[in-house]
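Read through the structure below, which is laid out as structure tokens, and then see the notes.
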């Protein structure tokens, strides 16, 4: 059973208590989170050996990110930025109750990870890796991050490591046309694609239901497995000519941030553990539902708890 | 676009965390709130220049009230009480879950504001004011407060400032007959009345639905505009022979205190901005719904957020 | 109106904030709770003179238990354990949101109370007692605790004190067969039995609905009054050939722990105050519903609040 | 060994965290404290049976005072004020660091205790009492409180209960001439006087060192034992023609409020336990030093801890 | 008595609790601070009308800065940055105990204020201003900020507003040679200079004691008044051929950040109030000592408290 | 550069805030700590690869210990206890101010680690280890722990791993004669001994100063290097016929717990890094002084910070 290697940015997340506004005085909850490290942590909590590649400022904030990920069982292999401009990206999260939504302010421009170069990272991790995962956020960060993403995908491919990619379109980082161009270059190196249907429609201009989208993406880009996610409507996977579906498992939401990452982490952990895509989707759904019950970007759970959640859900797996 | 001037008491509000009882040990959340200053703050968050007249103890608690209101963008113009008996009124708020209700203990007797005299206040604020607002709480505080209320209404009238009044009947402060007598003397000086239908029935003995109540109040007391509020059933305004209605905009309630004040603040801000009563009611409804999502007596928001809430509500305005 | 005497263990309860996991860093809320002391405290809040018998370590943690119970109006009469192995049992409570449940980790083995001997306790409390109450948890703690339980029941019987017992089966403490054997020896000394229907089925192997179970238990063990509780379906009491029923009173749940104890405390307080079982059940239901709105094992309320809850519930009492 | 009965006001004490100002936003620490209840609690922690007489508002705040005192092992015997004007006095405490001092804002006017009448209190407590204690704060609260103080002193005298009084002059409550007049009427009923030398000089116009002051007070007012306290310079007791002295025991100060009350509580506890005044003074000094290490008005300790503090202090007792 | 106008950056300051490390998990205290706004706030607390000019991101963080300054009594007149790159600078403060020092991590590059242009600011503030103050931090932020600083100084000069400048050299922002060049261009527009002797030596290469430095700076740059500050050794002012000195007033340090700004704020407030430089220095020293007792960058005080601190200091003013 | 392997217990440490008593209500700070894991964490913060061997309950509390150690950079290699009696030891820490000391209540009896067997641990860690460290606490826990300690020492010896041992006598765990017997059997397997002089005197009955004690221990037990620690008087090392001394480096104490472990961790880290004992002692002293400035058992620092502390200390190294 090989390792999961992920690559991307992680940020300091700052949020006022629920019911308080960011603009009024008071302390802030501070946590560490980022799409790819969230995936690594979720998989690690399910028993996967997980590694996270990135670049961090060589200061207390960079060490904070490392400490946090280690506590989640992830092995960070990071390049340290000791330049004068080194910084950890931050984001401010303000929980909203109806009729105002939860609001995010990004303050991530110029973070150390945007200067990452392939030669700064440890490519030997692929020797023991089973899956490499990154998302569409990373190439959106900077040209350097985009190039490094491609280098890593290439190297992973050469090492016969399964390459996993989540579109994760962020409109605050780039336009749909920029994203599309980048996706086109990335997708040819991808074996397993996680595609939020919203992103497929916005960026890749594809219409149709989840099943047809999954089929078309697999076909167009020659991707072995495509998982299309539809928020509250669950997910659909296409692989090897077959479609399988997974409902969402109900959860009381304490913190919705990171739900999608927990889903991906659950799927990857289970695939690495040797299960088929259908079983993997169900673990992903359980991981996603559990994430909602935990404060912070990161799922904290155990394999046993995930399986309990699966058992309790009434036949969440359907075809 | 002129200023909004309000007059009334503001208190220190002390509350244990949700699920804790006031009678058990532990720290208390401490905030500043009062009907008229809440209105001023809500309007200020929508862009209105707002002034608050009052009398405060010349000590750290009085300064706390001033600091809090300034942070909300309100300009306090207060008389300072340096007497030995100077005090800031307080109230204790204990959140309740079904089957016990949220409970309030007032400890406001003898607060500095109860000794306020007209000559202590700065009447020049009316020179730049567009609307003067106070509520039925203020004359209930003391004879001095009642007289000062009347003086301010008279002066506002002479300065051609629109006089706004919210009945805001508080049974813990006076009897319905005392309130009625006071209302009678006040209402002849009022141009815009906010009348909770519950108070109209309890104090002014009027029956009938909101529309007829609005019409009758306008007629009886020769008031230009009457807004009758009906809690969950929304509000109705009568002006110039016309009736318009506004539904409540759904909200997840974090803290219900101050919802009515936010409504009034929203309506006044929009009227001052030049809108008609129908539009103003809708801003009031959005402000009220947003208030419910924020801890404390006071709405913290922006005009943009209010307009987003309006856009999302499905046709909240009806006729 | 005599006193209520209870006997059992009380523990330190440690819990992370909601949405946090016990396995991640951060402070813990710390409270004191135990079935029999919870009952005593609930009854005390309703006006009953309540005494709690137990054995505690002679250290700051033992004193903490005493201080907490005194604050709830209970008079602790405890044996102090100054041995080297003295300890206060603890339990860890992690609130869960769907799909994961609230989780409890007990760390109570070898607590001082497990070494309690009859001669260490003050049996003179029965001179002024009206009711003695303990639960099936106590004999499960240790042989010494079981023997002391029996001695206390015998002494209470000799003093004409009503003996109340709650089955309270805890599968983490003993097997159903061990429990059954113990129950058989206890029940002959019981005048008033609280029997969760789940426990009756699991341990006493009785089938049938609540009414028939109540009748059969009263008959089999010659118990004057049997109250069968059915969770969300309310309770049923059999006494003197008559059955009465009580619905659950709706509540918004802040903390469900201790709901059953509050029910028993409410029933006992009202019986001691001289009411009939039907009225007592209704007070129990109101106490239970109020408990749900309060953080911690222990109901903090007043008789007035309980009666308000009863008044608001729509005809909760039926026959 | 008889009981200690005390009589006086207790208040809710509200304080911002150290380094924060009362005038800026943020939660407040909330505790219960008052001179005479502090004395009762300190004595109770040393093993004395202690009773506290007072009048409290019949609401959650009054219950909070009762709960707090019970947790300290004190038995409150209070009259409940269910009038509309019932209130618990409050005081705001802001810790100061050099060059600004710790600041107190009293908000205690009109508290329920100011309306207390002798007939509302339970005079049967004197039947089992050994010592009755009150302070100069109580007669300063109101005429009713002053009269009740005198009635209690008279009744205690008739019951052969030792009457203890602490001058405790508070310049914010009355003038020195008012205080002097009151003291004159009180002191004829006093057997044991605690006299801060600062108060003796300010109010009773006596000059000279502690020894001569103690002698003179005992002589002038025919008081059996006079303890003169001198802050950092320790205390001096005169009784039966003899003088004994006690140094202050060094302490790191966390919270200085209540130090004097802990001293009195320690002295009274030890006198009630049968020790001579010299030993009692040493327990008082140890209790006072321990109080400084504990947050809040009230000493939380054990007899063992007090004795440890005594043992560690290097010969604190001198002659 | 005219207004004080200041210009500069304000940041969000994030700090873990004392004894905690920034690199370990946990919430962060969040406050707003910046040299020039600190000066404005300190002066405002002493009664000065204070205005703060700056540029802020048009989001919740920018509004937070405005709210905070308003609560301190400062009137912010800011340009709002609604660009995609708008950001509020942040800094992380970790309190250290010996042998490790308090540590600061700046994350302020690219803050909105670095893009400020003269035409974005309201130069009409000089019409009612008495003093304009900025510091050497502002021109170090960016070329745009440096140019705007010069424009403001020129405009202030033309409006006969006293121009005050604090060298405030920050080695993390620029080299000593860059700073020197900038200072040279600024100093010709300065009437009142605050010069930390450390900065004078490091940047302006001047040797000698404070007195001679003050004299030389006044002479070299034709500055009316030069105040040289020497940390624990107090300050020296040269004006009009005369030297006066001011000792430091002792304080227990809770938070040392902002001490220098409070000093400047105190001096400016008193100069604006009409006092001579000697008196002004003493107010500055008292303000500085009080700042040390308050958490946060900003002095929260009153004129009365400052005067009390002055009275208590033993003859702090010398010649 | 090989790894550091340590073996021992780690506990959950629960403590009320400073100035609060454990016996009064309120939340508890919760941290993880234990002598040997503290040493591992301190060494890891200095750059050593550190492994911790132990046995933990297979529940959230065991996982909490693992997560905490991972965050400190330690690799836990633990046996998981899934038995019914599995538990994590706890200890309660109450900070004291003079005249009362800091107090500890252990609740560690029967912790999972007391059942550890050699065959449950991964002895392959010695293949890459440079130093193995444990303390006198571990054999005191249980016979099984004592046997496992000896087995590990033997195996380490066979693998040519330096065996380090800290006497760490705990009077609450065993008598001096029990400890002595155990030490005798352990010391023959030890290459590097840390010997608090207090323990040497109490348990090993040796008199004389630190130098002679160090020499004698080395001689008696044939130990290569003996470090005798003397609290505030610094440490002395004897190795290879030479003595070197190290003063304590001054620190402001926030939390003294774990100071000795940080010292050992610093020494071991530096020895593993290839330094001589003299240099290693100085790193130990710096690590110990930094520990005092950080809340919790565990030193959180960096090599750079340790070296800064060394540079600032005035010639702490002497001969």
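A, B, C, D, E and F are the chain letters, set down in written order, and residue numbers restart from 1 in every chain.
FYI, a residue touches a chain if its C-beta (ideal position, glycine included) is under 8 Å from a C-beta of that chain, and two chains touch if they have at least 3 such contacts.
The model shown is predicted, which means the values in this text are computed figures rather than measured ones.
Enquirer: Treat each pair of touching chains as one step and give the shortest count from chain B to chain C.
Expert: 1
Enquirer: Chain A-chain B contact: same residues or different, taking over half shared as same?
Expert: The interface is built from different residue numbers on each side, given that under half of them are used by both copies.
Enquirer: Counting C-beta pairs in contact, which comes out ahead: A-F or B-F?
Expert: Counting C-beta pairs in contact for B-F and A-F gives the edge to A-F.
Enquirer: Round to the nearest whole Å and give the separation of the Cα centres of chain A and chain C.
Expert: 47
Enquirer: Between chain B and chain E, tell me the centre distance in angstrom, where each centre is the average of that chain's C-alpha atoms.
Expert: Each chain reduced to its C-alpha mean, chain B and chain E end up 40 Å apart.
Enquirer: Need the CA-centroid distance for the pair chain A / chain D, whole Å please.
Expert: From the centre of chain A to the centre of chain D is 63 Å.
Enquirer: Provide the C-alpha centroid distance between chain B and chain D, rounded to the nearest whole angstrom.
Expert: Inter-chain centre distance comes to 44 Å.
Enquirer: Give me the residue numbers in chain C that touch at least two other chains, ranges are fine.
Expert: Correct list: 21, 23-26, 63, 67-68, 71.
Enquirer: Graph shape for the chains shown, where an edge means the two chains touch. Line, ring, star, complete, or other?
Expert: complete
Enquirer: Name, in rising order, each residue of chain E that touches chain D in their complex.
Expert: Answer in residue numbers: 71, 249-255, 286, 289-290, 292-295, 300-301, 305, 308-309, 312-313.
Enquirer: If we count contacts the way the header does, which residues on chain C are in touch with chain A in the complex?
Expert: Of all residues in chain C, those touching chain A are 17-21, 23-25, 96-100.
Enquirer: Considering only the defined contacts, which chain B positions touch chain F in the complex?
Expert: 24-26
Enquirer: Under the definition above, what is the set of chain E residues touching chain A in their complex?
Expert: Touch list, chain E to chain A: 14, 21-31, 59-61, 63-64, 67-68, 71, 85, 87-88, 90, 92, 94, 103, 105, 107, 109-110.
Enquirer: Which of the residues in chain C come into contact with chain D in the complex?
Expert: 63, 67-68, 70-73, 302
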